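Two complexes come next, and they have one chain in common, chain A, joined by chain B in the first and chain C in the second.
Up next is the complex of A and B:
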């Protein structure tokens, strides 16, 4: 009986691996291959090979301006999300208070609510407070809202490993509340901060749904601009840009793996 | 070296008084134990002294100065935690040096004082190891060294031995005593283990339900506990409610009726602090002070006072002796007695309770439930 489950378990793993190959890896391979096409329209398999669309991407003004928009938005919103995440995680890890459960749900809710709903709601609010033209600001606020649950979760779980008595020990030895946090708690939650920041950054950098609602004319993100290009123009430049984004993301994770290790993504 | 005066200290959490009007003094250089079961408020009291929690009433003075307005980092204390609370990402050296660095002690002095502290607690050369690479006993010593290296006015220890195995615990008990004697630091030690409290302390403060149930040196508290609760916690196995009869007999004993007169025991007359007739008391006697021998069925009047016949209900062999549960008519619960001799279950035995060995104890107020502490 156990043998049966073991064997069917192995079979299940094989099936899962196949699904993973077909649905996740295959599209990436297709995109990478067709970005090297020599034709003027997207097709797979490509009739010939060239790097002209990469040159086109590097020469396109829209790629660079929206790329920098995306970088600024991702860096600023991730920084704020990390700060908020640390503060909220500390409150949740250290204090028992009335309405704690409700607070927890409120902070984690953007994980559950669909991006379209969040984007639409934020758009309405920005119209209401007449900031709809401040695209960059709206995007930063929106991305911070949606990425804070990620940083909160990962910081919180790393904080659970730092016993309150560590801070008390530091305080009894002469460290103020603030230096006890910096010298003792902070080093222990760095892995959680790094993990949360990477997820937040990646989410912000790749997000389309929320950004589509909040992008004003002068403040569009790279994925949003890519999408509208793909909609209206048949040229393969977006494929080249997408391939670059894939490579950058992979390089990013490789860097993390080499420095702090991918274990930071595992819950404790 | 400073004394610690805790006067009328209270702390409530929500609607519960964790500590209620607790007072005691730990003289300078002494070793004081706070002894009691879990939830009795002993750890809360320690945390109030350390400044980890703010008290709601009363005052804590260290070396004569009130410290209630000082945060923990200004109190110059050493604290050893139950889980040691060593900083996991720091080496032994950095752990011990932490307090000195906060005090801006020079690099060379730090090095020599850390070495001195590591030597004092009897640690081998492990300065560059990390806490996770050490055994429990070694971690314990590092925690002690870290607390002592700053030359604290007071050393606070929160059940530091409870995470060690029995053999190591006994060893560390001697070590604690040696270190405390060598440093002469005023120490306050929280424990639920009466043996630890008895062996280490100059003074034992027994706590119950957030209050002090009794405070005395170990010998005094062992020989004449203040109340039935204290006696119970210090391992007096046999406790029975009784009423003092009127007047001393010729043999210098007082008759005390047990369980509304079902049995009468004679207690040395010098024992009751006051011979008030009809006073409600609790009689207490330790198992090893009861003599057990085989009953010959004869009349026991010739055996003097307090000879009781009973039946062995159960026994356990503990190596050095045999512990018996003996059912005696007239007593509300079986007597616990120890003897060298072996008797089978069901054997008729005769127990002798020396009048001088029976303690007359103040009954405690009816046990307060948590709701009464609001």
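Up next is the complex of A and C:
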């Protein structure tokens, strides 16, 4: 009897788990599959296969211009977020001072404040100082602030594993503080920096919430532009663009998996 | 997360490192939020004095605001329950798998939450549309005669948010499931406990901290999600976040938008406080 319960219980868990795992990949698979449709409307499964919507995507001006906007924003904001993340991680990992808790709270606060609030609050400021048309700058600022907690966490956890006595030994042997940092600490935290940078880049490249508030007319990101095309364009070009975004994200995902492992995501 | 040993600087404020970071966050996070507070509490009437709470409270007095709040809470509760009921078997299954499969299944869980919300919403629009796979499946099963509306309404939001947030629940549960000593289960079984009672009396209590963390995380993220409900909810089912967007960009009433922002800000801080309290309690009692 117990054996029966055990086996049917396990079978039930397996069936439910498989159902929900399929649920998790379903929209991704459907997007990829329907982008290869030969028909002029979206349906799944497609009646026939073709790459015409990819050609259409590559020929669309809006795809290229917003793609480059997104790349520039992601590269610049990731670079600044990594620099801020390293500095903040160093402060938190090596120093004890009055107000350290407040410092940690401040730097991690973008994880606490809802994205719409960050986006709308920054929009308010840009209107006040009349920079609301500098879309690219506003987007870079917004993306930098919300991705810094990711780079901080990632670098911080790799610093926690490095031994401070190595640095002290280098300094007692005559290294300056800077060269001790570059020669001893930096190589040890490279995995943390790489992981943090990839997470920040992926977040920025795919973000909708912050970007929806800060995108100006001439500076829209690919996801925001894609959003309006999903609403208004009836042809499957957005499916091809979405699929390309999935492939880019997959490339970064595999990069993390091969280099530092998926633990960085599970460590939330 | 553990910090390294702190030595050397003996309590001095590390000004050269900390100042640029603090400055960035003061200017681009703290100051904008304070501005939002000022804006949301601006007096409505000419003669009113500054901290005027009528707008913030007024958000919930108006019919639209009241409905949006109710809808936000209702959807968040439903999504949390589904994530809990669905995430638990998935986490159990993954924890049971061998290392090779576990890696692959973890990838299946983690990958979707890196994908842009627009892309995922797009996938769901295709799947849940009138001629989509979901409607075809329901008709084939004989549950319905003709296609039912599954997107541009609350159902669409619930499906999309469940997809968005289930990974958080699964990862929270896996974190505690993997720490359970298998000998505990073996010991209980050898003492005559049935698999059912092993599950209810050993597995469930030991995963309670993960369950609580996952539940809080999913509920709070559901309350403040924007892109998914915006894309899958259509125009007629506003929740708090999409109502804020409407006030800001359709009605251009920024004072009301700021008032909703204040409410969302308070919710965000509230959830983190509760989460910290619960997780510190959880650690102590379940170590």
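Some observations on this one:
Just so it is clear, the second predicted complex is superposed on the first by the 235 of 268 C-alpha atoms of A that agree within 3 Å, B and C clash if a C-alpha of one lies under 4 Å from a C-alpha of the other, contacts with A are read in each partner's own complex, and residues count from 1 in each chain.
Simple rule for what comes next: contacts are C-beta pairs under 8 Å (C-beta built on N, C-alpha and C of every residue); 3 or more make two chains touch, one makes a residue touch a chain.
Keep in mind it's a predicted model, so treat the numbers as computed, not measured.
On the superposed chain A, the positions of chain B and chain C stay apart, so the two partners fit side by side. After superposition on chain A, the vertex angle at the CA centre of chain A, spanning the CA centres of chain B and chain C, is 90 degrees to the nearest 10.
Looking at the shared chain after the overlay, A:250 reaches chain C, while chain B stays out of its contact range. Residue contacts after overlaying the shared chain place A:24 against chain C, while chain B stays out of touching range. Applying the stated contact rule after C-alpha superposition, one finds that A:129 touches neither chain B nor chain C. Looking at the shared chain after the overlay, A:166 reaches chain B, while chain C stays out of its contact range.
Of the two partners chain B and chain C, more chain A residues are in touch with C. Of the two partner chains placed around the shared chain by superposition, chain C is the only one that A:157 touches, whereas chain B remains out of contact.
Superposing the two structures on chain A brings chain B to within 6 Å of chain C, judged by their nearest Cα atoms. When the two complexes are superposed on chain A, the residues of chain A that touch both chain B and chain C are 168.
On chain B, the positions that touch chain A within their shared complex are 50-52, 71-73, 75, 77-79, 81-83, 85-89, 98-99, 102-103, 146-147, 150, 156.
By the touch criterion given at the top, residues 1-14, 17-18, 20-22, 24-26, 28-33, 35-36, 39, 86-87, 89-90, 92-94, 103, 105-112, 114-127, 129, 131-133, 163, 166-168, 171, 174-175, 194-196, 199, 224, 226-227, 230-231, 241, 244-245, 248, 254, 257-258, 261, 264-265, 267-269, 272 of chain C touch chain A in their complex. Listed in rising order, the residues of chain A touching chain B in the complex are 163, 165-166, 168-177, 179-180, 183-184, 187-188. Taken together, the chain A residues at the contact with chain C in this complex read 2, 5-6, 9, 12-14, 16-18, 20-21, 23-28, 30-31, 34, 42-44, 84, 87-88, 90-99, 103, 106-107, 109-110, 112-118, 120-125, 128, 141-142, 144-145, 148, 153, 156-157, 159-160, 162, 164, 168, 202, 205-209, 212-213, 223, 226-227, 230, 238-239, 242, 245-246, 249-250, 252-253, 257, 262, 265-268.
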